[in-house]
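In the two complexes that follow, chain A is the common piece, with chain B as its partner first and chain C second.
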Partner chain A sequence: MINRKLAKFLSLQYVVLALILILAAAGLLLLPKYVKHEGIDTKELLSNTFSNERYISTDELANNIVNQDPSFILIDVRDSISFKKNSLPNAINIPLKKILNEEASAYLDQDQFDVVLYSNTNFYADQAWMLCNRLGYKNLRVLKGGINEWFHTIINPTKPTENMPATAFELYSFRKAASMYFGVAYLDAIPKKVVKKVVRKKVKTVKKKKKKKPEGGC
Partner chain B sequence: MKELEKTKRISIAAILAILAIVIAVLSFKKPKHLYAINTKDTLEKITTYDYFISLDKINNPDYVLVDLRNQHEFDKGHLKGAIHVYAPEILSEINSDILKDLKENSKKIILYATNPNEAISSYMLLYQLGYDDIKILCVENSYHQNKLITKMLV
Partner chain C sequence: MGPLIPNELIPYEWNNIIALLIGIAFGYILEASGFSSSRKLAGVFYGYDFVVLKVFFTAAIVSIIGLLYMDYLGYVDIGQLYIHPTYLWGAIIGGIIMGAGFVAGGFCPGTSLCGVAIGKIDAMVYVVGIMIGVFIFSELYTFFEPIYNGYFQGNITLMDSLGVSPFWFILFFTIFGVVAFAASDLVRKRVKKVFY
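Showing the complex of A and B:
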């Protein structure tokens, strides 16, 4: 009699154990909802944020545009009013508010092109960059200083003074040439060159005469 | 003999199961810093533009200034009562403890750096980590003859 009861209990114990497991599994459903963390790890975002890799200087950008580098696209994150007023050549306008839209991600979330973000300074472009970097978008750059810096360095470069090193003059002539490419006219650029050419020709003819005389004497 | 083999198998299975659970528990490491606010909400916040504060409005005992510049610049001169938190080390243990303390004591954190351009990335990072009551001070700091000059920006 006792044996039978024991046997019955023993056969039940598997059912009980299974029930306990099922109950425990059901308990998992009641756990606080695990929030899925969007984007890359915070530490990674921090180190990405404070590396200067994301910045592209205005000179680099000007060089790319002048050489008609096809591997990058420019994105203006300001609103459409200021975009219409002034913008960089061939830029696409995606206002900061719409940066997470699906249409925008077609431009931002790809690995074919380098994307250069800019705004008036690098303030709003940095914000856009932070959000996109968290989402793991690659190949994003920010124009250092934005349009303001572009205007001060490329469109309206300051002339170096005489005590500055030769590199400053090289940079100035590059910037001046770049600004001419972007349609800035310099009053002193055209007439001076013509005058110089005439003078050089005269000097050359004089030199040739001098050289010929001793040859004839020998 | 058969009985013995059965218990042997069960005990081995049990030990393996316990081992698996122990390893799982030991290797479970919760990342210390987690995002509290997703990108959509952050974008909504930053396009309201109400996260700036001007220099004349900071005279409040609940406001705490946080200097994000490097140690050298902080030592050279900083705003009165500012705490130094170097921006790239903002998630280090000491700094996050400081910030957490401030948040728990419901102080408003006001970030400043050389200019707002340099403070924005720290702001964005902290905001996404859940520090939702922080502001950026609209100033530009420079030095003139080793004295800190703080210029207000409009």
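Showing the complex of A and C:
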């Protein structure tokens, strides 16, 4: 027995399919429009912001520079005047204003190197980090404390007092050595000219023992 | 979220394996729907069979509508998808040559391999012809190079070059496709039936 209604409906199957296609295409027009965010999700950005993983300490950075670690680049986000006054060795100057330029993105948006951002403190570097992280750039680090911290810890480290633990002294000697690498001179590290006193050796005269006369024996 | 491999939801190493699986499925469907028959393929030019037109038009419309919905829902980032670069005159001249070969031989390159797989002799001859064409092209490459690499337009789409809203364009394109299907059915009824 042929189900006539079904047969009639099936004869229309291509019309139905075509209508579905047209309806689906028209549905696209009715979708509410919204502007898409570029880069990472807002929630992800928030969790990244609270994470301390992005910070690199001055000691770590100094260690990397001294060991000539090739895996990172230093980006100075201050303006070019203060960059010319002082900067870290081999740093690249990308002022915060120009951080979205195409030239800057060649340095920032890549997978090969870690990017270490710094400014006078970590304030502007954090802002730069926030912008770049929002755009989905990878491997971004921020120098904790910036150049000020660098000066206080590496260039001019405070001497530990005697009641401090041994680790403090180790850290101090590391920082001191690092600062010498970066060109700081210490008075006590300069080898003093030692004036040798000419000391005459006292000649001890050894009196020869007089030979004993042989005594009688066996 | 997607595309899955560039966003590393699927490891990059699976790329070739997935491509192979999709390729096998594609070839199977081509064969199953009769695309390994040169008579069926050539029918679109002689007006007795419009399956090729219908299949490829439907594929294009379904995928673009599906992609836009998925982009809207956040499953696929449509900006990350590969868009084939346009070399204008290279595409036009190549298209004409390819079309002539299609009419004459009754296969397009993909379906000819499908035909070879089920042992059709005309498909094998066609594949040899492709190889000869490839050989001639590579020998005369320096001569063809200005056309091959010239007239570069970038990775543009129809919507970019026409400057219209993609949604309106797709609606228009869909309606155009459905009308073309209906018209092709009318043509097919008028043309003398060919049995193959």
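The rule we apply is simple: the second predicted complex is superposed on the first by the 158 of 218 C-alpha atoms of A that agree within 3 Å, B and C clash if a C-alpha of one lies under 4 Å from a C-alpha of the other, contacts with A are read in each partner's own complex, and residues count from 1 in each chain.
The definition used in the following text is that a contact is a pair of C-beta atoms (placed from the backbone, for glycine too) under 8 Å apart; a residue touches a chain by one contact, two chains touch by 3 or more.
None of the values given here were measured: they were computed from a predicted structure.
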Which superposed partner A:I81 touches (first chain B, second chain C, both, neither): neither
Comparing the two partners chain B and chain C, which touches a greater set of residues in chain A: B
Partner chain(s) touched by A:A26 [first = chain B, second = chain C, both, neither]: second
First, second, both or neither for A:T42, with chain B first and chain C second: first
Contacts of A:L131 with chain B and chain C, given as first, second, both or neither: first
Which superposed partner A:A185 touches (first chain B, second chain C, both, neither): neither
Touching both chain B and chain C, residues of chain A: none
Residue ranges of chain A in contact with chain B within the complex: 37-39, 41-43, 45-47, 49-50, 96-97, 99-100, 121-123, 126-127, 130-131, 134-135
For the chain C and chain A complex, residues of the former touching the latter: 58, 61-62, 65, 68-69, 72, 167-168, 170-171, 173-175, 177-178, 181
Residue ranges of chain A touching chain C (in the complex, touch as defined): 14, 18, 21-22, 24-26, 28-29, 31
Contacting residues of chain B [partner chain A, same complex]: 31, 33-35, 38-40, 42-43, 46-47, 87-88, 90-91, 116-117, 120-121, 124-125, 128-129
